[in-house]
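Chain nomenclature is as follows: A, B, C and D, assigned in order of appearance, with residue numbering initiated at 1 for each chain independently.
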Amino acid sequence: MKALVNAPENVVAEALEGMALAYPELLHVETEPRFLRRSDAPRRGKVALVSGGGSGHEPLHGGFVGSGMLDAACPGEVFTSPTPDQILAAAQAVNGGAGVLLIVKNYTGDVLNFQLAAELLAAADIPTETVLVDDDVAVTDSLYTAGRRGVGATVLIEKICGAAAEAGKSLADVARIGREVNAAARSMGLALTPCTNPQAGQPSFQLGEQEIEFGIGIHGEPGRSRIPLAKADTLTEMLLTPILADLPFRSGDTVLLFVDGLGATPLLELYIVYRAATRIAEQHGLRISRRLVGSYMTSLDMAGVAITLLRMQEDWLGYWDAPVRTPALSWGATPC
Amino acid sequence: MKALVNAPENVVAEALEGMALAYPELLHVETEPRFLRRSDAPRRGKVALVSGGGSGHEPLHGGFVGSGMLDAACPGEVFTSPTPDQILAAAQAVNGGAGVLLIVKNYTGDVLNFQLAAELLAAADIPTETVLVDDDVAVTDSLYTAGRRGVGATVLIEKICGAAAEAGKSLADVARIGREVNAAARSMGLALTPCTNPQAGQPSFQLGEQEIEFGIGIHGEPGRSRIPLAKADTLTEMLLTPILADLPFRSGDTVLLFVDGLGATPLLELYIVYRAATRIAEQHGLRISRRLVGSYMTSLDMAGVAITLLRMQEDWLGYWDAPVRTPALSWGATPC
Amino acid sequence: MLTTTNLRAWLDCLHGRLVQEKDQLNALDTAIGDADHGSNLLRGFQKVQEKLHDNDPPDIPALCKLVGMTLISTVGGASGPLYGTFFLEVGKSIAAGSTAVAPESFATALAAGLRGIQRLGKAELGDKTMVDALSPAIDALLANQSPATAAQAARAGLAATIPLVARKGRASYLGERSRGHADPGAASAALLFDCLATATPSS
Amino acid sequence: MLTTTNLRAWLDCLHGRLVQEKDQLNALDTAIGDADHGSNLLRGFQKVQEKLHDNDPPDIPALCKLVGMTLISTVGGASGPLYGTFFLEVGKSIAAGSTAVAPESFATALAAGLRGIQRLGKAELGDKTMVDALSPAIDALLANQSPATAAQAARAGLAATIPLVARKGRASYLGERSRGHADPGAASAALLFDCLATATPSS
């Protein structure tokens, strides 16, 4: 395992120090317990957005802290959800009196820790709502399993809910919007290489020169199946087919297309996948009105791509376009 | 070699199609000959900035086309400089009557092709200046060699000159500023892994599990030496030492610190390097007033990092902070 | 009788075993999860050791509460809240002020701990989780068998997870591909009972 | 005499050899450069073939100009302007309207082409570039030796680049590490003379 680290156990602490140094105007990093918050939080009267999860997915979530998106992010250790006391402290620090929305990716660890935090927040009389993100069609959804994973939709929910909160929407409204966005989003990913958790020191799986893992998550866990490498156009179609099958996307629908690199994917390749995805979406009569192409929710040094398709609603367009100023997403009136 | 591509020979064309589809408001892609331009170019009375170089360094240069930065970018094949007719056509398309600044990285191929283009521009009576970027201290500078390579300073020059042009500076002034920024910037990089040019299909070199290439360029060429892997703090110091030795950085100097990922480097690691770099810079009495952390000038799927230090001048601060709206850099009044 | 001293010995043993077997637990978690289970638990039980260095809980419930709270606030992941809740519930089931408990009461308390885990995590026996090792071990204690026998039952439960398809936690994403691997949480649960056997007087 | 037909045969041969040896040239360029020299030249001479399919330049200067312009506008990299300039200068040295030239005049024209390369790229003999193969080959022709002998001289020049430290182009960044590898541009220059020997009548 080769990585630019000092001691594996200090990776998260040192990276957070680096972030604090890199974005002094935008955010503050607290260490006991560990969370990042907007430098101007709490914002009086604005619903506060708090998210978090394991580290190793950068820029998610810390890179989305700032005006127009998250008020706070709670980073756990690499691929390990944060603890309830982090979430509690973050929520208390950024609550501006209008309540706190917790944006939680559907992994058992995240769910349990945020659930315990929500109980503590209720005990502290802070109005709290939770949006559970579970957009990954690679995973069979069933009452008898942990359900679908939360992946790419997380970024879209954080942006759209962030703008709704900024626009003065109530906690109930922002939570409702978050759930609606989640319900209208579907994702699927594949990996060309494994990733290496610096604490484990070993690649998460072994792949041959002509193999890929299909239906991958974001924690280095193996995917649903191992398949032969194929052309970008073919793989893009394989990702989009289950996405399109899962939600009744209809001809004429307006969508946001998000092509996400998993950490080690050259931008050049993401554009090739984006091109292929637009063609397939258009063959299905979808109108791509907004897009995001880049590495926004990653798995350390994993090479691969994930696609998220969000069926847009009219008012979400405005929320998407609304100004945002965070380390990883930043634009004025319209996105670029 | 595993990559999300269709046919190796179509990589650049398809990626450009993808970019055009991803940023319809920001830029146009021309195909015969190939270049990207701001959708609102030519801008009457503004000096036009044209850069370019081999592909495979994304987001450089195409990702910096937009208001406040480049008017046009000419992408060559992967790691191959563009041809004079591309540069000529791009310059003619974006010239707003105030002349054209060519920003050229110092590689023989780029230099020769831009030189031929400059001759054609002169023949077409378009006032043209060239800024040659050569900030890489890994390379011995000598009359008897090709001289130093242009690396990270390119991004900083494109931003600062872009803002100066936007502010109405003359061609001579924008060129002078570009040359001054180049003279005040020094860079050095290292690679943890080789990269694979899709057209060659083989990694550019072989590295053991505990080896790195030190003093690397951005085209997969081997570096100055092969050294054992070390801690991020140690490697950062090894990069900064020759940088600090090369330019008379003085205690009290105000600097911009740019930590650049080479394509496959997790953001987490870049923050760890950024942290280490700030400490070393501060030990030398440097005041870091601006910073950039991310993968902005890459070598396909190479893992590694490069550091650029720019001794800032008072008026460059304003140019750095000036609004920019491109696919890869975007901010309003102050950077984030 | 089980004393506060026995319980501290239990925790010492567990910490020691986690130091030794962290990589092995991570390796199990690499196969069907995210490679962090050993690191997670070691971080938690390391912190428990530090806390116990500075604090001397007066009785068994206070000790269990300290362990539970520490795990919840340092482990993260799925196992942090689950093992944390386990110790919290064990503590709650033992009368305040007790510095020793009879083996039967301790078995009852452990059963309450397991119920806490299942309330929170909703896993049933056979879902390929820590429950598959905890449950048979606690059943053995409830049936008045020795901690050593309970530890054997936990190991058997661990082995029984190998052919199962996971239905809870991260391993469930793998579907059929989760077969053929032992569950990391069941492996750490087996350690828990190995150490209980080590730390308690063979009656 | 060298006719337009000979020159087209030269270009056909070169194209064919580049198809065969593209990967080998890329491999040479991988060792001390950026792995594209073969792809670059093949792209250029492929385009030359396409242009010649649609156009029939009336004389040798026109043919050389077409080749030079095509290489400059399709190859890119260092070799595009250099080989492009080479052909442009060769064309300029031959009288307009010529459809055949004497071997001596052709040698003089090639020498003018080499001067063009050196004016643009500033490389001297021994800098480990294409010049190291071109120069001895052209010298041989100027000395009235056969194209086959010139091709041998080019090969010798190519071999002589191996122990050199590069002083021009991308390989110069490697300093001492550039020793021990043949220069890719010198290798393509050797192909150029191999094909000249194939395409011209052995006098």
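FYI, a contact is a pair of C-beta atoms (placed from the backbone, for glycine too) under 8 Å apart; a residue touches a chain by one contact, two chains touch by 3 or more.
Source: prediction; values computed, not measured.
Undergrad: Can you give the whole-Å distance between the Cα centres of chain B and chain D?
TA: The separation of the two C-alpha centroids amounts to 32 Å.
Undergrad: Can you work out the whole-Å distance between the CA centroids of chain A and chain D?
TA: 54
Undergrad: Distance between chain C and chain D based on Cα centroids, please, to the nearest Å.
TA: Result: the chain centres lie 74 Å from each other.
Undergrad: Residues of chain A that touch two or more other chains: which are they?
TA: 78 - these are the residues of chain A that touch more than one other chain.
Undergrad: So that we know how the chains sit together, what is the shape of their touch graph: line, ring, star, complete or other?
TA: Here the contact pattern is a line, an open path with two ends.
Undergrad: Write out all the pairs of touching chains, ordered by chain label.
TA: Contact pairs between chains: A-B, A-C, B-D.
Undergrad: How about chain C: which of its residues touch chain A in the complex?
TA: So the residues of chain C in touch with chain A come to 23, 26-27, 30, 32-36, 39-40, 43, 72-82, 120-121, 167-175, 177.
Undergrad: So in the complex, which bits of chain B are touching chain A?
TA: 1-7, 11-12, 14-19, 21-23, 25-26, 55-56, 58-59, 63, 66, 78, 192-193, 209-210, 212, 229, 231-233, 235, 263-275, 278, 288, 291, 293, 295, 298, 300-301, 303, 305, 323, 325-327, 330-332, 334, 336
Undergrad: Can you list the chain B residues touching chain D in their complex?
TA: Touch list, chain B to chain D: 33, 54, 76-85, 107-109, 112-113, 115-116, 138-140, 144-146, 149, 197, 199-200, 202, 204-205, 217, 219-222, 224-225.
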